[in-house]
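Worksheet: the structure to be examined is printed underneath.
A, B, C and D label the chains in the order they appear, each numbered from 1.
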Amino acid sequence: MTFESSETLFAWPIRVYYEDTDAQGLVYFANYFKFMERARTEWIRSMGIDQGDLLKNERRCFVVVDTSASFLIPAKFNDEIVATARMIEHTRATFLIEQNIYWQDVKGELLCKGLTKAAYIDADSQRPLRLPKALFKEN
Amino acid sequence: MTFESSETLFAWPIRVYYEDTDAQGLVYFANYFKFMERARTEWIRSMGIDQGDLLKNERRCFVVVDTSASFLIPAKFNDEIVATARMIEHTRATFLIEQNIYWQDVKGELLCKGLTKAAYIDADSQRPLRLPKALFKEN
Amino acid sequence: MTFESSETLFAWPIRVYYEDTDAQGLVYFANYFKFMERARTEWIRSMGIDQGDLLKNERRCFVVVDTSASFLIPAKFNDEIVATARMIEHTRATFLIEQNIYWQDVKGELLCKGLTKAAYIDADSQRPLRLPKALFKEN
Amino acid sequence: MTFESSETLFAWPIRVYYEDTDAQGLVYFANYFKFMERARTEWIRSMGIDQGDLLKNERRCFVVVDTSASFLIPAKFNDEIVATARMIEHTRATFLIEQNIYWQDVKGELLCKGLTKAAYIDADSQRPLRLPKALFKEN
């Protein structure tokens, strides 16, 4: 079952360091997924959810179930880019997040189009849990 | 335009080190894409293509255009896993590779289902090049 | 030959994400070196040096020659930490930077004590170059 | 207190992939520490110690306390290198390991000289434990 999407777009600025690049001179493709997770993490934090406390005290966490990305224009060393997160649908235990990466800001060139399906689980049993209500609060 | 698939399956063993894991105790999701690239790289090497020479001497390289993965069962620290590569279709300049990850060997549990579309390009201009013939040789 | 140290301390805040941690539940030791480089990069930027332009237009870059770290207290997932950079000595082509990592801010607990010796080189020949004057300007 | 060194040299071959390199075209400096840990892990495995079981069943693990590296000659994309581990001294709970990296094999050019001091600890309390006897067995 899928509910209506929240249209709120969350954007998180990222600087490209040497650690993010490879010998082709550009951002290493797998590292865009790290950038997406940083945006996702900060978006979840902006909802008032502290994932550090969740993991330590309640042994609950979010995990990526499916993810995909299309790489349109490569980012380079020292570029300023922005990674976004916007929930576009969800079920009881999972949510689908659109995660694009732009050059400089969300009006800049689109560098990478991503989608991430994440689940909320018990960290020990790996069993799915109902998503926290805070993810759906009015902003 | 898409041609017929080669059915040859290439498999590359990988050991999970601490560098590959995260604080949830399992392999960090983005690192499965590194594992897939190791298998892809070794599969290309097995075709007689030396990507080091290609990049250095001819300024040609393969880049990932699209990639996706579904994470079914998490690999853990110290696990022995195997990442595979099998070309399933191609155009003049791009190829689509099925890349699964299994526990221990290709008959083991399927941990991750991946797909990678790569292109062959000029490293300086980023323009597409015709795929090397060696990718299609009979094995 | 070693000159007098600049006493200016540069501090750069860093958030610990899952990508930075390992299955022991803490920051993976090698990733502290990435944190140090982020602080070093931002300190160099604060001097008015654009390493992206340097590499692209002049084929000059900074490289790490020696580095060491002592890990005193581990940082955890979701922690806010701060990485510092302070030049403590230099020669014509190299400089030694003290790079500590603290919990929350430079008055917080000392988590990691680091030292980095970097050189300024020609990216193609790998030959040493005289350090840019901007590194020694009055702030 | 320091005991006599074992002179046994353990060597582990490593292939340099794109994931290991950066936009300077060479191995990213912090990744040499990952290579050293792979060699250390395989050396410990060769002693009959299964770190996966240790962490999961006994909640015991090895952690890096201090580490340093001197970078002499850079490794490049696609290079075959070898990382070594040799215990050179130890106390009750810690051991010092010499970890060099060579081009192709231990008779090849020395690329990186490293030292790692590791401790054996309780993963939950972070308290030091007496080193496992297996680390000192005759080979």
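In the analysis below, a residue touches a chain if its C-beta (ideal position, glycine included) is under 8 Å from a C-beta of that chain, and two chains touch if they have at least 3 such contacts.
None of the values given here were measured: they were computed from a predicted structure.
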item	value
Farthest-lying chain, centroid of Cα atoms versus that of subunit B	C
Chain pair with more C-beta contacts, C-D versus B-C	C-D
Inter-chain centre distance, subunit A versus subunit C - centres from mean C-alpha coordinates, in Å	27
Subunit B and subunit C: spacing of chain centres that average the CA atoms, whole Å	33
For subunit C paired with subunit D, centre-to-centre distance based on mean C-alpha positions, whole Å	23
Multi-partner residues of subunit D (at least 2 other chains)	18-19, 23-25, 30, 34, 37, 55, 76-77
Interfacial residue positions of subunit D with respect to subunit B in the complex	15, 17-19, 34, 37-38, 41-42, 50-53, 55-56, 76-79
Complex contact set, residues of subunit B against subunit C	18-19, 21-26, 28, 30, 76-77
Of subunit D, residues touching subunit C in the complex	23-25, 29-31, 33-34, 37, 55, 61, 63-71, 74, 123, 126
